[in-house]
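Chain IDs A, B, C and D follow the sequence of writing; residue 1 opens each chain.
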């Protein structure tokens, strides 16, 4: 036994989060050397702000991935639906009630999806179908018009900068730390990780697999709700075609963060770092005046490169 | 459960459709092809077309494709195959160039075809009866004029600036940028053209919030192609310690859903581009053709009179452009602004 | 009757039911040009769904098809001056090659194809924008008549819709009757078991992804020729429609089950529904809700039937 | 025909095979026998090209061959039917017969495959089934026969069958045996790995016994007595591997009355006392594991009743058994025993998360205490605690899989194959741990196919054969030979 253990120990292991940090550092150095405007402190805040809302959803998505449910394809459509609902509810009952009810509805949508996932057993098909339904409902409820809200509280939530940092970035940072804390220190967090690591062993150990899926879906829904509420608050309006085509951005952030799609590994912090890394790269390319096509190509290649790298580092290749 | 609800909804919807089809015997049906009413501007377009059609005594059918040109192509084929006799078509392609084939097919049916919103591609004149809708070059030009005017009034030195444009590959973005750049040639210096990921505030904010701080002190103006993007840019400017309308001049050039930045003076002014009137005038053009039976060559920039919409008796030109009356950036100016009997508030804040 | 035939018949029944319900309201559903139009409307998603279906049978999934089709569209229009057939051949071969490369990487990295193809989905779209210079590309107007034959109808068929049907038959034949096709089924049905029985894993993965990319390329090129133009932003929605067609057509996401003919059934179920609702003039949300509801209905029915079958088989095993 | 000589194989410093010789002639069925862990599987895997040998030569028909991959083995005419079948369930029977066979040409229709498969299927006694039906519609035995048909179709000259009858019923075994005879009649040399005595004497001409990685010269089956064979397999007992038995057992804690469940052919009645270790001895498919799975709530109790501490016990699902503190450790720890990608402490606290958390928050102090206690009890050194469970040796993984239950204060621990894939040193530790737990009042039932383990560890032994309980005895009344006779049904062979 001892020899086999020893040979395993010889393998040098760096925590996964570190790769994201290293990549960010390398990019930072390269960027600040080549682009004068990049290295300024305010630009770093700008990058974090740019990563914030995508990052919050990516953090939610990481719960789905870590719990072993791959990813959801319904996030952007749910975002539109929740944005529309938040605007309607705020207009009808005021900001506080709108906020609470929207979060409640978000959790409800998450639970509905988790129930279907447990029934059908396949998160991707399920969320694909739910995504279409959510988008349709968003259009239905919005009545094809722009829904405006007038609320000082909402405006504050959308545009204020406590201590000079935008509320969105606060939300992002808090969400990242909180969700990391939940995964790391909460009982349910540990259950999520274990269920993702080996669902059969989780069942055999008496863990609550159904509950884990429900929590993961609810976490994503809450992330989506925060994005929707923040966006609606910032511009005091909602439309049914919000966030169209964003789904793969969220997933890309999770993947670039190095969270294994097989589940059971990684932390929400990695998804947050992935979102920052992509935003950093985008910012760098934007300031260099690269065309949209080139930017998109490079982001795609980054996704391919990072997932391949993580995969090879885990020794899973052939 | 969910299924039952949606089924019930579907059933009631179908019943509704049948009901509307039932009293369709007046002057025939007009079929309108549009991308999708998920976009509120298109929702307004539909509304305008519907109200005008009702006034003229036509029945109307709107076919939506959810931003998918190949879907729209097949809808055209489907419609043509139905053998329905229609009074005419209103054609708003999702991808202008890609839709030419369908446009041609519509024209071959013999019914009049009014193209709207997307300025027709040169060489396709034989495939459509008349164009009735917005002019993106004009929109860019109007925006340029508003901007130059604002700079002159504030006695500020406007030179370097950037265009935040519609997503790469969107032709309306190309046209507006061209119209704008033509109009500012020799007067302003365009240092950057950056495409956004979409047409809405959040997408505009993402780009503006990165460009503005990076080029702080350099940019004196921004052209954003619509007011949603402009409002987001104004917010980004303020967050970077720039006062819009003083340190930096921002213009969207087409009102798009939210006018508060215009009213507050943050945006250098706007122009009414009304989806409602665009749909309305497309329908009017069709009605004119049915009554008058002819199209006058040339362009007609419909007059942007405040009170009454243009008369149905006016001649129909090959190109009929929706006016883009400029609106100054104050509450008073905004309240006073009207187009064809509807206030700017009604037309812009749909 | 095998269970597969039974399930295909059930799906066919569903398709016919959808058709009949809508045909009752839409006269063009039973006119010759109307059927021709329905067939034409299925070409894009159909050709792509064949390829996506093949990768799903192999237990993988190619998400990059939409971007690949857009890329092929731009390329084919740019190659138009060299003649349409050479352009088509070059584009299809090139896309097939890209797909083979993609398949090889997926095999070699032993990585989930759903992860890998998300990367290529983004990168290829970017490349398309670069290649097109971010502008819609057009066939010169004086030449546009050269592409007319693609819209011409022979009875209810046009060349594209006939191509779709021929491709369905060809790929169906390929998947049923050839060694390579059966290998795709084998590795999808049980990768470990197939490997133990001596089936190579590399070849079927490369073949499936290569065919998927080549078909996406063909669809993109054909459609672009038919419209005489290609937009770098085009074909974004086709992935979801193709996957939905495969799922309704009975291709299991776990792999190994389903048939290309089933994909055709699923495809027309969707086409009948979406075309019909649009033709009635219903707003977008109706299409969206109906598609979602149909998909949920099918997968829940499948899950229920699967559960009952398993229970029965277990009960049989216990009493035996 | 086939000659393997001087085969050597080590995993790390553990020598699994030492200088093994083996020879089979064409048309001959040779039994390969030995205790669990004797090296049988490793040997056949080397021959099938799945594992490389460290040394030794393999020759076929006098010519030395080098086998480094399954492809090489196939090319050399070696066919391998593993314990885990290589039948793709979603393909037809005919296709499974020809799976991986590229010699039939590129084009192949279902009908032509079916036509070609028919004679092979007929020869293994599957003439009644439709070659076009899906493999999943058929029983395990029939799938096993399809594998043999595949060997026939490939004209395999050497066939390896690794416990082909383990999961089959008596009537099914008759069919498989017939198929094996057909295979031999075709001139195939067959290596038949089994634990079942009747099959050895019924089917095979020669027996090669492996013990502790060493081979004994092959013996003619005809001249062999069961006693000799068992003695050859067991050898002398290992010295002080097992702890002393319990001095006295407590009151009755569990009683089964005429219980039936999936995998049991006859009702089983048993009882268990506090602090007692009960062994369910039997080979794979004997029903020993089925009793554990039934008690764990994995499979439902079909009839009969179970009483736990005086009240009825009918767990619905695994959560139900955990709630009653009846805890189950399966025989496949990789599948459902450990979380390979998580650390050892996380594994150890997995079932006891409620116990180590306060108000939904994990308490590092409680968890640390919990983990340290188990680690100390199970001899998991400090240095293992920082590792991922998947990176541990088999023995330590098993300690993790077992140890994670201790924190729940179990009443009854159900263990299937407690030391499968565990090296000798760790075995003895695990035995001591289990005995210590029993001394503290825990009752343990374990199922095992390892005779020594059963004899050494258990207080009482229930032997199983083929879904039926053979007898229950005190461990003192059982000898290795009598037990081996019971679990291999030697009585029928004699």
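Note that in this section a residue touches a chain if its C-beta (ideal position, glycine included) is under 8 Å from a C-beta of that chain, and two chains touch if they have at least 3 such contacts.
Here the structure is a predicted model, which is why all the values come from computation and not from measurement.
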| item | value |
| --- | --- |
| Those chains which touch chain C and also touch chain B | A |
| For chain A paired with chain D, centre-to-centre distance based on mean C-alpha positions, whole Å | 44 |
| Intercentroid distance (Cα basis), chain B paired with chain A, Å | 34 |
| Where chain B and chain D are represented by their mean Cα positions, the distance between them in whole Å | 73 |
| Contacts with 2+ other chains: residues of chain C | 129, 132, 134, 232, 236, 283-289, 292-293, 296 |
| Of all residues in chain A, the ones touching two or more other chains | 133, 135, 138-140, 144, 262, 291-293 |
| Residue numbers of chain D (touch at least two other chains) | none |
| Overall pattern in which the protein chains touch one another (line/ring/star/complete/other) | other |
| Pairs of chains in contact (touch as defined earlier), listed by label | A-B, A-C, A-D, B-C, C-D |
| Footprint of chain C on chain A - complex, ascending | 70, 116, 119-122, 124-126, 128-133, 135-140, 144, 245, 248, 251-252, 255, 261-262, 291-301, 303-304, 307-308, 311-312, 316-318 |
| Footprint of chain C on chain D - complex, ascending | 70-71, 74, 82, 84-91, 95-96, 99-102, 104-110, 132-134, 139, 150, 262, 302 |
| Chain A-facing residues of chain B, complex | 2, 6, 9, 36-40, 42-43, 46, 167-168, 192, 194-195, 198, 200-202, 205-207, 209-211, 213-215, 228, 231-232, 235, 239-240, 257-258, 260, 349-350 |
| Residue ranges of chain B in contact with chain C within the complex | 2-3, 6-7, 9-10, 13-14, 17-18, 36-38, 61-71, 73-75, 77-84, 95-102, 105, 121-124, 167-171, 174, 195 |
| Of all residues in chain D, those that touch chain A in their complex | 11-13, 318-319, 322, 328, 330, 335-342, 346, 349-351, 353-354, 357, 360-362, 384, 387, 391-396, 404, 423, 425-426 |
